[in-house]
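In what comes next, chain A is part of two complexes: it sits with chain B in the first one and with chain C in the second one.
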Partner chain A sequence: MIKRLEFKKIITSPIVLGLFLLFLMYNLFLIYDKTPMKEDMNLLQPIIKENGTLMDADGRSGLQSSYEKELATWNKLAQTKTGDTYEAATDFYKPEHFHSLMEAKTYTDKELQAISTLALKETYFHTIDGIESQYNQLNMIKSAEEQIRVFGLGEGVAETVRTQYTQLDTRVKELITNKEHLHLFFHGKIYATHSFLFKTLFQSIIFQAMILIVLFTAFLVNYEFEQKTSLVAYSTKRGRHLVWDKLVVALLSSLVATFTLLGTTLLVYFLVFDYSGLWNVPISTGFLIELNEIPFISWWNFTFLEYLLLSCALLMICQVIFALLTFCLSMWIRNSYIVFTIFGVIFGAGVLLPGYIPKDNLLILYTHFSPFVLVMNVKKWWMESGAFTSFKHYEVITVSAWLIALLLIAWFSISRFTRENL
Partner chain B sequence: MLLVEEVTKNFGKFTALKKINIEFHNGVYGLLAPNGAGKTTLIKMLTTLLFPTSGTIRYEGHDIIKMDDKYRELIGYLPQEFGYYKNYSPTAYLLYLAALKGIDRKTAVARVKELLKIVALDHVATKKMKKFSGGMIQRVGIAQAMLNDPRILILDEPTAGLDPKERVRFRNLLTNLARDRIVILSTHIVSDVESIANEIIMIKNQEVLYKDTVINICRKIDGLVYETEVDYGDTEKFRSTYLTLSEKQETGKMHMRFLTTEDAKPEWKTVHPNLEDVFLYIYQDEVPSAGDDFDD
Partner chain C sequence: MRLLFEELKKLFTVKTIILLLLVSIIIYQMFIVFDFKHFPNGRPVLDEFLATQKMLEDYGESMDEDEFEDFKSIYDQRINEATQYLQSQDDMVAAGLDSYTKFKSIDLENEKLAALHNKVYHEDYVDVFWEIPAREDMIERYEHPERYIQQYGQINEKQKARIEELMKNGAATAIFSYQVFENYNTLIKNVAILIFLSIMLVILPLYIGDRRNHAVFLQYTSKVGRTLFTKKLLAGLIASFIVITVQLVCFFFLYKGNDISMFLPLTLHSIYNAFISWYDITFLQYILLTVVSIYLIGLALVLVTACISSIAPNYMTSVGLHVPLAFILFGVGTTYLVQNLTTLYLFKYLLPVLLAAILSLSFILFWWKYKREKWKDIT
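The block that comes next holds the complex of A and B.
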């Protein structure tokens, strides 16, 4: 009953409700803004249905014969219409004759759609070779040395980085053996779906949920003090044990708010963009590589669905950490606005701190094990993510350590509160 | 029985209360002292909001701090500054506090309805409190203190904001309640407690000065209180010579009530002292102390 009434305080707050709706609308706008590429992305589905996702020798041969057959059909049509033949479907789009063909309306819409699909199939087909050669040349040890040089890391730090990248090198070999990199997925260089989903959307949701959680946790914990009802509330039978209810409600509300924000955004995203047939594609596939040419090397062989679910879970745990941190601050500072500001300062300091640590001090690695740094790099969770955070269990260690530390501080703060003069 | 034993409360280097000993049985106790004397400190200790620096407070022999919720479920408390939620109706607010007091929803609904009737707020039971007057808010405060039918009712300046009619009604209510419970009423308004308190507790210099009936306390200055008439021109001189307790203009002269240990003059008329006379006498040299920063 008490928890229900505490929860009511949060959901009846106009600021919390207003911000929640505003954030949700912003996320939907981000998705809406990307909808023009939806039709093109959907052209991948018939290719997958026909040839599957794995582009090993068999898959590639199937795709090649299908492509060549369709190109031959297209050339037959082209010959009857203009007398031209094309060596590749993309040649059709060469500006010297494409515009005249369009003006003359030589081809029907259906025929144009067919060449467009064929050109895309061709792009996917030709990409495979590039991916295979890129992965075969991948050398994680060399990559580590390059980063050590770029960042000017001291010997102790460099040795740790080398150890991690040696493990990654083993993982790359395993990945190649598993052919994880050869699975078809939305072309990263064209659509950059990984960045859009895990950077743009996830990052937005992380900050939105964090703002809401810090606001309502500070608001809830300090409610009685700010409304001057603390003397009445804390002299009742429930008394100071009320803060336990507040802690539970703040944590549950954080999970509910994050789940609703994340769930609604992802639901709309996956309704708009058709991922059927792609859920079980390994997240380390080379097709995800975007314009920066950096491959996504996950520490484990996760499918896209597993990666998505794990990232959702990690995002929720991060929000629990932020709720706990806000709770601890609110137990010492009886003003929700000051708590909000101090949280912002701590967040900023957490992100900036590693930049001030000498490059030869191991502390530079330890300071990266913070939820603040963690949430700034969502699209590289569970993956190779640079010299400072490429540890196999980086995410798990970071959230576990912070959860345990904050739970202990919360418990200590509550114990102190039970002995505090009000 | 509620027993305060050798209780001292320090705030840093400042001592608010020093070795206080008080015994409370069923009845109304008027805690009478000027602002800053430590009334609220004592009350907050009785409600477990403050912890004694030394000494203990026991209820039926048990330390109230160790009793924890078992003790707090026995008390009803109206603080001096009674906060409320502006956008709540009195019903919603009282139901929230009833939940904190461990009262089940069904019982609470009936009890809230009954109490709002007692404090004459039943006609605004579902209206938002932001439009309530100070007196109405105070009545909500009184109702919440009685929600759990407390064995110990502790009220800090309960009549603030109440009009004379409401004050009378409130005093009658307390007299009825005090038959089978302890009612502790802290005030600096003498008339609030004079007629209804079984005992008055006066605190001075951080210690209990008197804990006695009104009659016995008044007896302390028996024979020292007089009334006389003074010409307007002599008023200032009179005031500086004697402790003036009250004065009013009457038939072209000043009618003075005053206290002195001097031998009575023929024109002075000896009168029976009342509690207000004692209060003014005891606290005549009282100046607001550092305790104001902490309570009252």
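The block that comes next holds the complex of A and C.
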């Protein structure tokens, strides 16, 4: 009963609902902004239907023969229309003749559609070779040494980084034998879907949910103090027990808020962008590589769907951590607006802290195990993510350590509170 | 007067000051310190900056034909120095690189030569080799003033006329540095964000405190009590004036370390700067313009924040209402009202019109609240 009333305090405050809707609208706007590339992206699905996603020798020859057949058909058409033949479909777009062809309206819309589909098929086909050679040359040990040099890491730290990257090196070899890198996916260099989904959208959801959670948790915990009813409410034993109810409600509401925000945004995203046939593609596929040429090396052989679900789960746990942190702060600071500011300061300090640790001190690695650093790099969760955070169980260790520590602090704060003088 | 002073004391409690300090330190470390530490950022940007400084010392505010010849002769001198350096290095001579021209046309595909190239630039950091491309670029820009116009791409008649007018009035020979301008532009945006955030932090509890304590019920029964609403606003205005001033003083004190005082009296319009304003202003005047703009936005912000503070039933609502406000103000707000002021890209009178609109809107909002507050029932 009390829990329900506490929950009502959150759900009936117009500001929480208002902000929630505003955030949701913002996310939908982000997605809307990207819709123009949707048609182009979905030209991939027919290719997959024809040849499957795996581009090993078989898949590749299948793709090649279908591509060559289509190119021949196109050249036959082109020969009858203009007398030209093209060695590659992308040659059609060369500015020398493309503009004049367009002005003369030589080709119908349908034919233009066909050549653009073919050009895209060609791009996917040609990318495979590049991916294969890039992965064969991939040297994790070298990359570790390079990072150690660039960051100027001391010996102790460098040793740990080397150990991690040696493990990654075996993982890369395994990845190559599994042919995880040769699966077709939306071309990263053209659409950058991974960055959009896991950086732009996830990052904005993380901050939005965080703002909501800090606001209502601080409000809920300090409600009696701000309403000046604390003297009445906390004069009885059951009254003191109220904090437990508040903690449970705050955590549950945090989960509900995050789930709704994340769920709605993702639902719309996947309704707009059709991922059919791609759910089971390994997340480490080379097609995901974006313009910065950095491959995504996941520690485990996750499919896209597994990766997505795990990331969603991790995001929810991070929000629980933030709710717990706010709860602990509110138990000591009885003014919700100061709690909000202090939370911001702690967040900033958490992100900045690793930068102030000497480069030869192992602390520089330990300070990266914080939820604040964690949520700043969603795009590289469960993956090779730079010298400081490439540990196989980085995400799990970070959240479990912080969860346990914060639960202990919360328990301590509550037990102190139950004995406190009014 | 005493009431005003008491209200001010309530705004500047020790707690608030500590909070302000903490927030300022974090924001400075995250967004501002970088542009102090790394100015000019990297090479040959640094060399370009040093060359510009020397140019100013030698030729004054502009560089005429004779002075340009002198500038070119320094460039030739540097090439000689580079050649001498190469000749003094055994490994360079052995690789057949005994003059700067040969060094410049090095085949970077050749691994051995590329290593030597890398050695000069990234291992030994030979200054003169960084200085030459910087000076080369500056000479080219002087020789091709038409590029100043071309960089603007699609422009309408009025904008074109403005650029032509500037070229006639000496922009082609005037000396300035785009790095100095860009650096200030980035810095002032982040400083403005910090200032607006500080104002929000200070003003947010303005009315909520007394309302939450139910002190209003006592105050509003008396005539003097009813004047508290305006007194508090006045206190808020003074407080934010102090906050803005202290923040700006701190910022400009640090900014002095960038050592750009020689650029202050120069006009912004030069082939060495990418920014074009609708008005003929110097860098110092531009800085003053940003400062005035920050004060005026600060004033509007106090009114809006005070309004929110007097309406919001609790701190959660108050902070929550500030979230979208901050989102708009820190993003779009600073882009149009603190950065690139009076830029040629935008409507000529955009700045005064926008500022006037924002100020009058916030005044109206506050006036409406004030009227209601005067006759409010306190049951």
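Methods note: the second predicted complex is superposed on the first by the 420 of 422 C-alpha atoms of A that agree within 3 Å, B and C clash if a C-alpha of one lies under 4 Å from a C-alpha of the other, contacts with A are read in each partner's own complex, and residues count from 1 in each chain.
In this text, a contact is a pair of C-beta atoms (placed from the backbone, for glycine too) under 8 Å apart; a residue touches a chain by one contact, two chains touch by 3 or more.
Since the model is a prediction, treat every value here as computed from it, not as a measurement.
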item	value
Fit-or-clash call for chain B and chain C when the two complexes are aligned on chain A	fit
Partner chain(s) touched by A:G239 [first = chain B, second = chain C, both, neither]	first
Chain B versus chain C as contact partner of A:G18, first or second or both or neither	second
Which of chain B and chain C A:K228 touches, first, second, both or neither	both
Partner chain in contact with A:T341 - chain B first, chain C second, else both or neither	second
First, second, both or neither for A:L363, with chain B first and chain C second	neither
First, second, both or neither for A:A349, with chain B first and chain C second	second
From chain A, separation angle of chain B and chain C (C-alpha centres, steps of 10 degrees)	80
Minimum C-alpha spacing, chains overlaid - chain B and chain C, in Å	5
Common interface residues of chain A - those touching chain B in one complex and chain C in the other	228
Interface residues, chain B side, partner chain A - complex	44, 47-51, 68-69, 72-73, 75, 77-79, 81-85, 96-97, 99-102, 105, 141, 144, 148
Contact footprint of chain A on chain C as seen in their complex	15, 19, 22-23, 26-27, 29-30, 201, 204-205, 212-214, 314-321, 323-324
Contact set on chain A toward chain C in their complex	13-16, 18-19, 22, 211, 215-216, 218-219, 226, 228, 335-338, 340-342, 344-345, 348-349, 351-352
Parts of chain A lying in touch with chain B, wherever the complex brings them together	1-2, 5, 224, 227-239, 241-242, 419, 421-422
